[in-house]
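In order of appearance the chains are A, B, C, D and E, and numbering begins at 1 in each one.
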Amino acid sequence: MSNSDNYESVVTSASQDIAKFDDHRKGALGHFQHMLHMTPSLVPLIVLVASIIIFGIAIGSNFFSAYALTLILQQVQIVGVLAAAQSLVVLTAGIDLSVGAIAVFTSVLMGQFTFRYGIPAPISILLGVSIGTAIGAISGWLVSRVKLPPFIVTLGMWQIVLAANYLYSANETIRAQDIATNAPSLQFLGNTFKLGGATMTLGVVMMVVIVAALAYYLRATAWGRHVYAVGDDPEAAKLAGVNVHRTLMSVYMLVGLICGLAGWAMIGRYGSISPSATTGMMGNIQSITAVVIGGISLFGGRGSILGAFFGALIVGVFELGLRMAGADAQWTYLLIGILIIGAVSVDQWIRKVAM
Amino acid sequence: MEPILKGRNLVKRYGKVTAIDHSDFDLMKGEILAVIGDNGAGKSSIIKALCGAITPDEGEVWLEGKRVRFASPIDAREAGIETVYQTLAMSPALSITDNMFMGREIRMPGLMGKYLRKLDRPKMEKFARDKLSELGLMTIQNINQPVESLSGGQRQGVAVARAAAFGSKVIILDEPTAALGVKESRKVLELIQDVRSRGVSIILISHNMPHVFEVADRIHVHRLGRKLCVINPKDHSMSDAVAYMTGAKLPEAA
Amino acid sequence: QEPVKACLITKTDTNPFFVKMREGATEKAKELGVELSNFAGRIDGDNETQVAAIETCIANGAKGILITPSNSSAIVGPVQQARDAGLLVIALDTPLDPVDAADMTFATDNFLAGEMIGKWAKESLGDKAEDAKIAMLNIDISQPSVDVLRNQGFLTGFGIDVGDPNKWGDEEDPRIVGHDVTQGNEEGGRKALENLLAQEPFIDLVYTVNEPAAAGAYEALKSVGREGEVTIVSVDGGCPGVANVEAGIIGATAQQYPLLMASKGIEAIAAFANDGTKPEASDGKNFFDTGVKLVTDSPVEGLDSIPVTEGKDLCWG
Amino acid sequence: MSNSDNYESVVTSASQDIAKFDDHRKGALGHFQHMLHMTPSLVPLIVLVASIIIFGIAIGSNFFSAYALTLILQQVQIVGVLAAAQSLVVLTAGIDLSVGAIAVFTSVLMGQFTFRYGIPAPISILLGVSIGTAIGAISGWLVSRVKLPPFIVTLGMWQIVLAANYLYSANETIRAQDIATNAPSLQFLGNTFKLGGATMTLGVVMMVVIVAALAYYLRATAWGRHVYAVGDDPEAAKLAGVNVHRTLMSVYMLVGLICGLAGWAMIGRYGSISPSATTGMMGNIQSITAVVIGGISLFGGRGSILGAFFGALIVGVFELGLRMAGADAQWTYLLIGILIIGAVSVDQWIRKVAM
Amino acid sequence: MEPILKGRNLVKRYGKVTAIDHSDFDLMKGEILAVIGDNGAGKSSIIKALCGAITPDEGEVWLEGKRVRFASPIDAREAGIETVYQTLAMSPALSITDNMFMGREIRMPGLMGKYLRKLDRPKMEKFARDKLSELGLMTIQNINQPVESLSGGQRQGVAVARAAAFGSKVIILDEPTAALGVKESRKVLELIQDVRSRGVSIILISHNMPHVFEVADRIHVHRLGRKLCVINPKDHSMSDAVAYMTGAKLPEAA
């Protein structure tokens, strides 16, 4: 050993203390800030609660009625499910413009399989969900293997699925009454039950279950960590030993599957099956809005799926609240634009204060 | 003696640049092999070709006498080769623990782990904290803080700790002490020797000649994309090594 | 000799109404040996794609164009361009503004259709019409002309002052609970009526711009258990819609005849290509009226209507 | 100086050669690959030319007529201008969902200012373009100062502008004849001239000029370099001495201004002024499609505006070609979906081969 | 003598971590001041507070006796302070030339430059190539290649060249030789001394003690977020310095 290293030997007697700093923020506020810092999805939750309170004060008891509050849940159920799916893709730094189209297409498939070919409804549902998953698999493969940008893959897929939907269905609507008589299981998720005075539908329950399950898997399993890692820096994730291809495939397939379930939920909610449902055109933008309001970064790797769920609810509260307050349709549209920006500004501000 | 990790005639081109130019590589069992060379000589490129991070355009890689074709670093890792990349390969937004266990997470025992695939966080956290303490990274206050909030040196320490904890046959370190302080560098050098004494072979890329001459058994001198020579630190001085790698002097017999 | 080429340009190709129109045109074109190309906008109100379609027809050397304009006045320029290039242009379903911008119009009177269901609703509500609570379910906030015509027609028929007849939403009658938009489908219909029910739970009458929106509105009523107590009226007369009238979901609907419009249109183009004759308007009108009929099983006095059984024979979806 | 450094002194005699490697690719192919590597916008150009040739063969002389070929230019002019604006935002790692809405709104403003208030048309045009710029400035400020995600800012702006557009115009269309008689300068960009047998409009000329000017400024001025740097890594750009705020503001304002010009061009192209123009709803997706097909990365900092221009033309060629070939609308959408994915795959493949 | 750059009572907190803990800082005119300290001691943080890259929560900064408040690194640059950050602050997709001139591009003379604001590329390229050659970065083949295609060391060389070329009063270098080879490190040290001889004051953060003791006039020892002491390399040994910074020994009078 050359003698040039001698000076390094003193480190053997170096101090072994761990650096400690005083926490300069004390008491409840400090505690609260720490909580926000640790659980970012609290921020959209705060915005949500605040907007419910504000609308409640502005509109009065009508808004706090069990009917209005459960109505919000019912109205956001489709977007909520799609937002859960969208969150997954966005966490991997992707985006899925085809979620709404897949949901509508699978609902059409379930209906047509049952009514055109006479396949028993439960099997049609299974087939519909499987085809949704298969569409997701194609997108995933194009993103992961062919290395196409997710935006362009799902943009193409959106057009393809939507067009296929019209072509296959021949634009035919299947009536709610026909479904109720011949294939009630298609409408299964529309069934209601009472929960302390409020009416809930099974579709709402499904939404909550999907969100909760995804939140758990993203947080507590290796798969979830890999989803975040792939979104954060795919190159680093690959070098660190994540099977990026498998992770991406699993995400896109799961998204297709959840969209299939959303398609089933649509039949429950709207009774009939219509290929021209607005979700096919707007489902993507609505779900992305929820995701972004919920604080998930479009650059991937940051955010929580609960945030996206609260984001969907925030939009739902705004929409219903404004309509109940008597704003007309055009003004509602304008105000929602302002409130989207406002909600995210508040979100940003809370994060800053909490830092 | 057959090298544990062997590369033959490796070539890698990036557009017009030839990063690896028909180079060979030999790592013997249980040794510490230092790789030195100018910036841009192709050191990082060649070790990436050995551990599956890039696929060479030509050439062959052998591990323990068997021809291997690593399609990805995962394959290499499964074969027992662990690498600390120059870029560190960390997910900035994830915690230290998550990063250390990326791709080999530990599941809870029992039903929770089996059916719900729940991770055993307490166990992973304890392990991570132990490994970091071994390296003396004591300024890290919270094992669950995201890697992006660490200083450059702390980050490098985490990457080294990860490789040392999991490498079974070969550990490759690409400038592991570049951003480390004196104390932390010392710890890494000790750790390297420690790991070697467990029978693991080590490749160490470094620009720090005193460190190289202190720990290396053999020194691979890389120049302009290829192996120039391999020298024994006992027979050569630092000046010789620097002269070879910079092209100031030619080695006797390549 | 090359076959006569014709174009059909509809507002969208996702609404069953236009799908039927296309079927009628295709069948007739086959019969007469006309080569038909179909075009459609992406969404309701899509003027740009219709302009591009007209330009494509000119480029392709077509003899005539059948068009349901998305924007009656905005399309006038390109239509003129086509007529200058020697094409016969016939407006289907919706007249251009001005009407004579097209060579002829084969249309339903959408205002009249609205007026019919308005009158029917007023009569069938009887005394309750005086203080009925009415929900208005329209298409879109961009207020395409069918949307406005049907809406204002309904209000006129019901006896409500419409204010500016060129837009909906400026009425001040307290009987109107509110206006909402549905995109003309079940999804929008349900959500829109839910919103209005949250404002006013005791709605008596629901105007819907078309039958899919009506079906959605019915689901909303069902979810609050008021499906038997509320009257829904609609426009279109598609087969699922008529079936919903039969099932008592919709009280009355005004039926249109898209198949007829389209096949007449193709005939006119074939004739024009043959000897240059142009079609004539109906007596006393500046367009060729293909008619609209009220379909209901509870007819009211002083208002012509056909029963569901007949409506089913004539329906198109 | 401690003696440990002596070994470093040998470097004074180090070799001074610059590393040289043989170029292993020779001849025309190698040259071509190098060209592709240096000029990435060549790739969409190749796809464009290929698709023109394929449609030409499939459709025959009708497609190669001067009328059809200039028609493509006329049909893409609005989307082309919007795509140029969109490119700027996307290069800064943003996205602008409001471009189409701003274009429609400014066209409405120009018309209403002239017809409702009797302001001379040229001044109305100026006012319209200024308001477009102001809207861009608001978005830019929200993105740069309040640090809101561009997606959410422009999503909100989209809704706000579109609703304001309907509210302000009272859904009224201003008829082409009225404009031609009373305020012909509003239709100025619709004027045609002959160019070797083909008819061109001034709107097409404006599109070409805007694209060329932006291409020049992005490539050859400091501002252009800053736009790329901000998109690449805003933190690094800031540390390196770029005024990130000013760069972002200039980009968003320029985008607003270009959208205002697009609004003017819309009056020229469609003759009339209609608040319900589809561009308001679809302009964003169409322009983003063009940008992505043109090879600009949605993650910012990479790509060229010429690519986006070619991207817009590719979509235009597909749409006109498929329509002329007699494909039904839904089949057209389906095929365009496939072709979008196909075009980008080819692009990706060429880049890979060219590496 | 009044320091050219002075910090007083600086504080910066990140959540619970206090990166700068009421620390002072003094840089004298024309000197090379080395800053040493453990990883995570807060060295990068304090120099960032001095050059406007972060805004300190408390404390004051003086430049040449005048109180300054840099809102951004641009302000500091205009005041003549140039910094090489540990993260390098490069735009990966842009070329070497673009990166070197970022924020101070040279326009063409004449009308083209004045009205069309055209950049004078040949001039910028020549300048960039000259500066890199001074540093001996000869493996860089193409001055217009994107920075992301450079090796880590090459990239660092570009950043150092940029600061050296433009700094007029103070140049701050945060571990500038961390990724550099022996030859390139030498060049950087020579360059530092060269720049100093032009009268520019230099702050050098480094973990390389031999380098620090070779070039520094004074050594600022940073520990746990604050200035522990300033020592003269002539009066103290490397062992002393390392002992102070690691906490093995306390300095006589702080």
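We take it that a contact is a pair of C-beta atoms (placed from the backbone, for glycine too) under 8 Å apart; a residue touches a chain by one contact, two chains touch by 3 or more.
In this text the structure is predicted, and so the values were computed from the model without any measurement.
Minimum number of contact steps separating chain A from chain C: 1.
With every chain reduced to the mean of its CA atoms, the largest distance from chain A is reached by E. For chain pairs A-E and D-E, the one joined by more C-beta pairs in contact is D-E. We define each chain's centre as the mean of its Cα atoms; on that basis chain A and chain D are separated by 30 Å. Per-chain CA centroids place chain C at a distance of 72 Å from chain E.
Rounded to a whole number, the gap between the C-alpha centres of chain C and chain D is 37 angstrom. Within chain B, contacts with two or more other chains are made by residues 14, 16-17, 40, 87, 139, 141, 182-183, 185, 209-210, 238, 242, 246. Of all residues in chain D, those that touch two or more other chains are 2, 4-5, 7-8, 11, 14, 17, 19, 163, 166, 330, 333. Shared interface positions of chain C, defined as residues touching 2 or more other chains, are 13, 43, 141. Pairwise chain contacts in this structure: A-B, A-C, A-D, A-E, B-D, B-E, C-D, D-E.
For chain B in complex with chain D, the residues that touch the partner chain are 13-18, 21, 40, 209-210, 224-225, 237-239, 241-243, 246-249.
Chain B contributes residues 53, 72-74, 77, 83, 85, 87-94, 98-99, 102-105, 107, 116-119, 136, 138-139, 141, 182-183, 185-186, 210, 213-214, 238 to its touches with chain A in the complex.
If you check the complex, the residues on chain B that touch chain E are 14, 16-17, 37-41, 44, 86-87, 137, 139-142, 149-154, 157, 175, 178-185, 207-209, 242, 245-246.
Listed in rising order, the residues of chain A touching chain B in the complex are 1-2, 4-5, 7-8, 11, 14, 16-20, 216-217, 220-223, 225-226, 228-229, 232-233, 235-243, 301-302. By the touch criterion given at the top, residues 62, 65, 67-68, 71, 74-75, 78, 163, 166, 170-173, 175-177, 269-279, 281-282, 319-320, 323-324, 326, 328-330, 333 of chain D touch chain C in their complex.
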